Amino acid sequence: MSEFIWPVRVYYEDTDSGGVVYHSMYLNFMERARTEWLRSLHLEQDDIINEHGIMFVVRSVAIDYLKPALFNDALIVQSSLKKLGKVSLVFEQVIMRQGCDQNKDEILTKAIVKVASLNVNQKKPAAMPEAVYNRFVHHSKKD
Amino acid sequence: MSEFIWPVRVYYEDTDSGGVVYHSMYLNFMERARTEWLRSLHLEQDDIINEHGIMFVVRSVAIDYLKPALFNDALIVQSSLKKLGKVSLVFEQVIMRQGCDQNKDEILTKAIVKVASLNVNQKKPAAMPEAVYNRFVHHSKKD
Amino acid sequence: MSEFIWPVRVYYEDTDSGGVVYHSMYLNFMERARTEWLRSLHLEQDDIINEHGIMFVVRSVAIDYLKPALFNDALIVQSSLKKLGKVSLVFEQVIMRQGCDQNKDEILTKAIVKVASLNVNQKKPAAMPEAVYNRFVHHSKKD
Amino acid sequence: MSEFIWPVRVYYEDTDSGGVVYHSMYLNFMERARTEWLRSLHLEQDDIINEHGIMFVVRSVAIDYLKPALFNDALIVQSSLKKLGKVSLVFEQVIMRQGCDQNKDEILTKAIVKVASLNVNQKKPAAMPEAVYNRFVHHSKKD
């Protein structure tokens, strides 16, 4: 299945006094990448909420921190959709530090992120809109 | 007018790789203190929204950074209501590092924060609920 | 093994426009609780760095989001040390919303957090100081 | 004097349960823009620290919140250097929501940000490196 690549620059706000990116910030970077992956499929989360009453929420994250990212680093987030259900999505997301050439890219962090679709009002699991689901299926088949 | 004191502990999440508290975090600390000041007056912002359709938003901040706060610092936020109008509040807020005794407290940051009351639906300035306003007046007179 | 309890209040800064606490913030709450657990054992992370050249970093997190926390919620973080090695610690941490009585407490989030001790200079795994390790052993035996 | 333009996308992490961008986040957006302005002048803050022992810190911010930014908004930060001294810089920074065309851009937030150069070790005001200062002068004259 194809990978979606999203660049993230590390700013002071992302770091802590240990001199590295604060550990929870990687989850923020990964969420930005998922948002931009949706946008690349012409799906906007606020439209999905307003038109279909469905929102996506994170159900679980399993993340391994291998090497730290540093201030000013140019990172890339690689995201791939690993599983697609009617009410859930499972992503594999890897954050890398960009090297001078692609062979020098370093893997910093890896995660499995499970996302669920909820009914906005009752906040209960609910099937994602068919149009959205089909867009995901179509995207997965392309690769 | 009386001062409201709220303690804040500095954690890794608040610091940056410069080794000090990230400059925008002081605004977060000040907002925690305003929330707790309201709570000390038996006012909860979600209740005010739900019962009266009024929310408080920050209109302006003028903040001076004098000395940096560090990881693990025990801070206190001193807040005083300087001006009270029907649709706005002006606070003076000072963040200090607690010394071994009160004479050793150090002033780190000072701000003037202007807060406005808005109608939740139209997001337009709207007079705060009379019960809330009266609580503020009563609080101001006490001192 | 004994549990360490740390209270966390939810402020606006912790929430997102979905109306709930942003998913990565729970990792911040858990880190505050681990810092305060160390403090309860008379261990300060900056002292350990300065005196022993050892720092603690998060190696992995596996977190399940069961129910969302909301603005103004009074949360508690329950932390227990599940495994203790010379270069690592494994914590189980549970975040609950406090109910009117203890029977009404609701579990919102659960995580397993693995922390490693590193040499500050080389950023390589290194045994934690014996005095620190013994404090952990002593704490574990108490229960 | 010329303006430096930097785009910022609003993600969930930036918003709060009031449905808008949390007020302190605009300071983060402005700092990203100042970092990228430096980068556009081929100046990296970590290099300046390592080579010259000089770091830039925020001394004061006066910010007015005019209209709120919302989830998914495409913002631009306009930054201009208003004053240049040997130990300080004053910026005017404006955050706008991008409209369909330039006439539809809306001003959301305006700030005056004063930045000082410090000696990294003593954390005292210190003249910025001449090469850096000259780059700022050169940049200012261009316009």
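By letter and in written order, the chains are A, B, C and D; residue numbering begins at 1 in each of them.
In the analysis below, contacts are C-beta pairs under 8 Å (C-beta built on N, C-alpha and C of every residue); 3 or more make two chains touch, one makes a residue touch a chain.
Every value quoted in this text rests on a predicted model; they were computed, and no experiment measured them.
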Of all other chains, the one whose Cα centre sits farthest from chain A: B
Pair joined by the larger number of C-beta contacts - C-D, B-D: B-D
Distance between the centres, which are taken as Cα means, of chain C and chain B, whole angstrom: 27
Where chain C and chain D are represented by their mean Cα positions, the distance between them in whole Å: 34
Centre-of-Cα separation between chain D and chain B, whole angstrom: 25
Contacts with 2+ other chains: residues of chain C: 12-13, 18, 20, 24, 28, 31, 71
Complex contact set, residues of chain C against chain B: 9, 11-13, 28, 31-32, 35, 44-46, 71-72
Contact footprint of chain D on chain B as seen in their complex: 18, 20, 23-25, 27-28, 31, 55, 57-65, 68, 123
Chain B residues touching chain A - in the complex, by the definition given at the top: 12-13, 15-20, 22, 24, 70-71
